[in-house]
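By written order: A, B, C and D. Residues from 1 in each chain.
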Amino acid sequence: MNSAGFFDVLTSFTDRSRQLLGRRDLALDQAEAAAGVVQLCEALLSGRGEASGMAIASEVLNRYLRLDETGRLMLFEAFAEKFGPDREKLSDAAKAWLDAPSDADASDLHYFSEARRQELFRRLNRAPGGTHALVRMRADLLELAPNRRDLAPLDRDLVHLLTSWFNRGFLVLRRIDWSSPAIVLEKIIHYEAVHEIRDWDDLRRRIDPMDRRCYGFFHPALSDEPLVFVEVALTQAMPDAIGPLLAEDRAPVALEQARTAVFYSISNCQRGLAGISFGNFLIKQVAEDLRRELPKLETFVTLSPAPGLARWLRRGEDVSVPEESRALLDSLDDEFWPQDAPAAERLRRVIEPLAAQYFLKAKRADGKPIDSVARFHLRNGARLERINWLGDRSIKGLRESAGLMVNYLYYLDEIEKNHEAFANHGEVVASPAVKKLLKPETRSRFARAAPASSG
Amino acid sequence: MNSAGFFDVLTSFTDRSRQLLGRRDLALDQAEAAAGVVQLCEALLSGRGEASGMAIASEVLNRYLRLDETGRLMLFEAFAEKFGPDREKLSDAAKAWLDAPSDADASDLHYFSEARRQELFRRLNRAPGGTHALVRMRADLLELAPNRRDLAPLDRDLVHLLTSWFNRGFLVLRRIDWSSPAIVLEKIIHYEAVHEIRDWDDLRRRIDPMDRRCYGFFHPALSDEPLVFVEVALTQAMPDAIGPLLAEDRAPVALEQARTAVFYSISNCQRGLAGISFGNFLIKQVAEDLRRELPKLETFVTLSPAPGLARWLRRGEDVSVPEESRALLDSLDDEFWPQDAPAAERLRRVIEPLAAQYFLKAKRADGKPIDSVARFHLRNGARLERINWLGDRSIKGLRESAGLMVNYLYYLDEIEKNHEAFANHGEVVASPAVKKLLKPETRSRFARAAPASSG
Amino acid sequence: MNSAGFFDVLTSFTDRSRQLLGRRDLALDQAEAAAGVVQLCEALLSGRGEASGMAIASEVLNRYLRLDETGRLMLFEAFAEKFGPDREKLSDAAKAWLDAPSDADASDLHYFSEARRQELFRRLNRAPGGTHALVRMRADLLELAPNRRDLAPLDRDLVHLLTSWFNRGFLVLRRIDWSSPAIVLEKIIHYEAVHEIRDWDDLRRRIDPMDRRCYGFFHPALSDEPLVFVEVALTQAMPDAIGPLLAEDRAPVALEQARTAVFYSISNCQRGLAGISFGNFLIKQVAEDLRRELPKLETFVTLSPAPGLARWLRRGEDVSVPEESRALLDSLDDEFWPQDAPAAERLRRVIEPLAAQYFLKAKRADGKPIDSVARFHLRNGARLERINWLGDRSIKGLRESAGLMVNYLYYLDEIEKNHEAFANHGEVVASPAVKKLLKPETRSRFARAAPASSG
Amino acid sequence: MNSAGFFDVLTSFTDRSRQLLGRRDLALDQAEAAAGVVQLCEALLSGRGEASGMAIASEVLNRYLRLDETGRLMLFEAFAEKFGPDREKLSDAAKAWLDAPSDADASDLHYFSEARRQELFRRLNRAPGGTHALVRMRADLLELAPNRRDLAPLDRDLVHLLTSWFNRGFLVLRRIDWSSPAIVLEKIIHYEAVHEIRDWDDLRRRIDPMDRRCYGFFHPALSDEPLVFVEVALTQAMPDAIGPLLAEDRAPVALEQARTAVFYSISNCQRGLAGISFGNFLIKQVAEDLRRELPKLETFVTLSPAPGLARWLRRGEDVSVPEESRALLDSLDDEFWPQDAPAAERLRRVIEPLAAQYFLKAKRADGKPIDSVARFHLRNGARLERINWLGDRSIKGLRESAGLMVNYLYYLDEIEKNHEAFANHGEVVASPAVKKLLKPETRSRFARAAPASSG
């Protein structure tokens, strides 16, 4: 008896399953193709899945990749409709628990209410490249069906699984430098979302000089894919503009002179992991590692854009300015405005108080600041340290942030306090200098509203 | 402003948290200590956990390790009682769903019924060494409270998380040989559960010769800890005894002569992962890799013990033997019985048919075979190929398996069919040779019951 | 007693040695600076060198790097003049050996005749980065003093040492692909000498597709520096032009279709290792590895330029052509000549026989072919297999090779024979097709001269 | 045309070369076998070696391994006799140089006097495993022909090459710990030459605790073979006995308490590299690395045996002791002498002054100390710091060192001075405490002879 040919699963399964399932050919229309995938998914959840699970899982993933957008959407609909929980068992469990509520019974209720698609995804993950494919699937879902309420439970389940799998404890921090594989570096170029990297020479200036660092989180199952990365400049003082920091001809700072680590760009890389936050952990880990390596570093600070400012200045309902200032604000539409120095100076006197209002007082419906970057760093426990006039003269900087840049300061002894002030009371912790920018009347109202923040 | 000292979290937190939480000293009695851990766990689930989560998580794990058995048990009880779901929200969700059952609502029901301890464990996992500590915690739970019904939901939640995290897709297959780190190899010596490895020389004979292989699954978060490993011998023919396979003075088989891969020992290493099955995947992956490396391999087979046989022969209610055979069976208690060749031959005539009955017909209450090893391989889709009289003359082999060893054959084209026959119909797929061992009357009954197995 | 500060050699030595040696400041003129290095070199060869050799060696190398061209040349002169052998001992040894010639005495003679600079270089090599610095020193010597007869013994000694240290047995073959570190890849772009790599996208097309390979030799002491690399295309048939091979829009060849490995570019990277040949070993090793990985490969062949052809056609004294062909040859000066198809066809009829003459009959003073690439592959035992008209339409290809490309075939069973025919008898082993290109009268002379080559 | 089968050199060459060289079978007698190897060596030095050098080199090495001792000795004789320099060319070069001595001509003389075996060894080194085989060959030469004057030039050439190849700049320092491969660790057990390692548990106690370190030099071409390794204990104070340092039940020293690094065992591993010194570099490199990692370390010191002391006490001609002391010395022959405390104390009063004489005054013919360990450390620039009575109570320690152990202190600011005092003037730099042990009359003579040493 000869078992050669054994387990040739990944390459041969297509043929076998086609035969087993009675498939005739691959030129199916998308509906038929999606139905085929659904059938395989049922097989994967059945006994057959136990015997040759990796083969079936691989086949599902291969077929998924061959579906077009219509096919994928059909599949998502099937996941949402047909792979929910077993309603009968769930119904019994819900009644039982309501009769006698207890933790133990809630456990039954919890596991009977788990949608079957969760086990399906866990089994798909067993295939080589499975994790990658599931992250991709989530990205497709976000792109193809951003607002479909019927697909929300599907998204919720995917997010739940991916959040659990991409737990901080499984992430690996890796330094990214000029010795990193090109396959990683090209992704840094591609994913940099804050200050564009034009080409490989530009990349090299960001990661190769001794006073530049780049770190990313990686997951062992996605080895060449950074999840999030941060670019760091080591400087003497807290910087007030991005231009000099990225200038081609700047002189590098000797390591023994560096006192400040500037986080000037944080970029998420995986669309499919949207909503799962890594940046918080990344900043803190990098700060910790840098401090261990370079004990002379004293200050950990960002140099950040204010990406919602310009839009708010133009449209914000709560922007109350005199008529003449309104005209000045209109001049922001001309991207050459910084070149007229006297006019720029006039603008500054109008915008700085407004910017302070934007960060300190203007709120979204949920009581949080309008600025997404501010929300991120304030939630992390950082303090709004300084607003830098004309810190970013790039077209993007002028268009989105009205040229302003912001330093958020990460200071250990205050982080917990800051975070709780922000998370529990919506308080924006800011330096006296920033508060002073508020117009007098605004400032006094601010002072009344948040007396505790005068640290 | 100077933020030196920033993020010195892992080393300094003990001091800070003591101060923050009003702890006076570490020499608490266990109840107080456990209560302190519980308090930290609540902090970890609160806003503070978001700001300095890794520090609190590390502190919880450190304190856990300092608890003694009483303290740990108290903590488990707290996990079971105090970290269940939010009952109010769950109650509302259960009612809502029962009013209008649907998948979307089940999603609410599912997530509101999740015990808070699951999020707690996920946050603990963020700390360095977190995964290791959680696996350890589960092992402690199994050891300290094996049958506590009130702790069952806690165990269920731990198993659920660990099953998800130790998904096959995250495991890495590594060959273990004489170039492996000693820290891994000592665990092979320690965990080998089937045929004891006496010392490093013995280990070397198992992994270093060219016709011997050892492979294990590893998880990236437990880098030096094998989860499960399998020892393989490359041979010409299917072996019928373990002695010659492990003999110190045996001549190795040249690779180009090898036609058979013998899986002669599979051992799980992590008590805390009990119930999460890796062996199935391991055997199939190793077989696949070996076949790619050595295309001349034709047969993939085990050489396995029958660890429940001797016990069944002595106590089994369904062992019906004539009185004189019963006396013979009693001689099994004397470990020197194989040395009396004529007596041994008489025993063989009694035991072989009984062994066939043991594997093919004797069942547990759930209809599955009594033998745990048989259940494992049959469930995997293997076939019971051969029963080898006196295949294991070791004391352990005589005491547990009455000296018998079994070959289970992994043959590709039959695996799915075999698995389904076993899983769905309880059928034990066996070779004609094994079936022939059954006594005539038994055989005929067997043939009637399972006509399809005559492959 | 406290030995803190112990061994802080690399950073502190400058100060100590300055003090010890009475150096006043670093702004010496070059003569003084070179003299300082010479003094340190003497210290390195003395007892002090034994005690703190690595520190002195590092200091020599650091100072070397701070010398300008004048200073380096002065140092080379000092190496040549002052670091020869001990003449007195050598004189005695020479006389002794001439009195009674024997192997044992030759050993004395050999070691007394070794220039002291060899030991000096060996001690310099002990410093971190020493090997790199010595390779750099040789490159400087070649560049700054290409034809100085008085420095030839210095060069000879450097070559001797480097040849010994860069022995094939110490080289490591590494595949270079898109997962290689950028620091290596940028060197591939930089050093590619045959078909220029324009940028990173171009590089990616050379190393990333499944039908493209790149391999280099590395030395453990120069870890990110390839010494030589070869670019390989996997194709179905032997290619006759470089354009289609490098076209941006070509379709890759599936691995299972590939029958031919084409070595289309070999580049040396280290100027300082000029004259030390690695290419021969590289081609053979890569061929061996490829054949193991892809057993279906049948043919190993180059696609090579003929870099001396155009020059020879224009100036070669032995190019005897009729007057009208001479005029045609002049048209080669116009880089657009291939666009006039009829004219190009006329040129072909003139050039192909001349090219055959160039490869098969035209010789340098030492009896070897004029073409450097031909000499390399023929010496390696390859056979001149095919001459491809207009195989390279690039400006460089037209200017240097008159647009021709050549396939050299590496065929195992003939390699030794071919090599010996070439090395011992100057015979160019060529295919019948190439020989047929010779004009009849030339061919017959060729046949008489080398009757054995008609294989 | 098909070149499949190309380059199958390593496996197929045996057949081809046998056929080419007319070899009939492998069962040759040793003379014939050695002659065959010589023939292949000539081929390797010829043109054939250029074409298929690695194959021939591999064949030479394989055949070498199949030769027995007689055959190897015959081969060594052939290397010595037949692979010397070309006498004719050398004769001309010697005369030419004597006529007009100059550096340039010495270069000719140097290279013509190089024995052909050097190029032979360089070519052998190209084969896979070549470096390993050549080191092995040197070990065989030392073992099979320790005092053959006719083979001395062969040994000299091997040493020359190996010294050049095992240059410090090519060695890699690796920490050896419980994560190291077993294949390396078993060599540590095997090669430990000073304080025997009994088994794997004993090994673990030496390398795994946090206050224990082990480092070795490795060469990239011998990847799993340590060349030399040192075992280090981190302690608070300078230790005076080996027993407590190696005790199974000792309590480890916390890293932050450690002030002293004790080099208590240095072992060379490669017999074939005898005479090529690595230990000096190893101690200094390890000290440097430790100081960087643990800035609190203040003292770097050895705990060393005095392996020639007992022998010298018994036989030394310059040991002048009164008759009654002589009788005491005889009691050293009884290995239980330390157990009689009063007698031991009497012995101490006799031996300590003699030990001081042994280290400070007794000399070999070349003026260096008798003790090999003393010579090693003193030459490295260490200072004889303390003599420890009954520092080693092991049988070996009593038998060789009369139970004494010695601390040699490595102190930066003195290393060069100490080395030069020792190397140039034979002065043994010692602490006042050691000098005080000398008997008064001896001491005064010592003081006169070496007045400078009273540092």
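Convention: contacts are C-beta pairs under 8 Å (C-beta built on N, C-alpha and C of every residue); 3 or more make two chains touch, one makes a residue touch a chain.
All values derive from a computational prediction rather than experimental measurement.
> When you check each chain against chain A and chain C, which touch both of them?
Both-contact set = empty.
> What chain lies farthest away from chain C once each centre is taken as the mean of the Cα atoms?
B
> With centres defined as the mean C-alpha position, give me the chain A-chain B separation in Å.
Taking the mean C-alpha position of each chain, the two centres sit 38 Å apart.
> Give, as an integer number of Å, the spacing between the C-alpha centres of chain D and chain B.
Distance between chain centres, rounded to whole Å: 49 Å.
> From the C-alpha centre of chain A to that of chain D, how far is it in Å?
For chain A versus chain D, the centre distance works out to 58 Å.
> Two-or-more-chain contact residues of chain B, please, as numbers and ranges.
In chain B, no residue touches at least two other chains, as defined above.
> Could you list, by residue number, the parts of chain A that touch chain C in their complex?
Residue positions touching the partner: 178-183, 185, 199-200, 204, 224.
> For chain C, which residues count as touching chain D in their complex?
Those residues of chain C that touch chain D are 1-9, 47-48, 50-52, 54, 80-81, 84-85, 87, 90-91, 94-95, 97-98, 101, 103-104, 106-107, 109-111, 113-115, 122, 125-128, 130-131, 149-150, 152-153, 156-157, 160-161, 163-165, 167-170, 172, 220-221, 280-281, 284, 287-288, 291, 297-300, 379-381, 409-413, 415-416, 418-420, 423-424.
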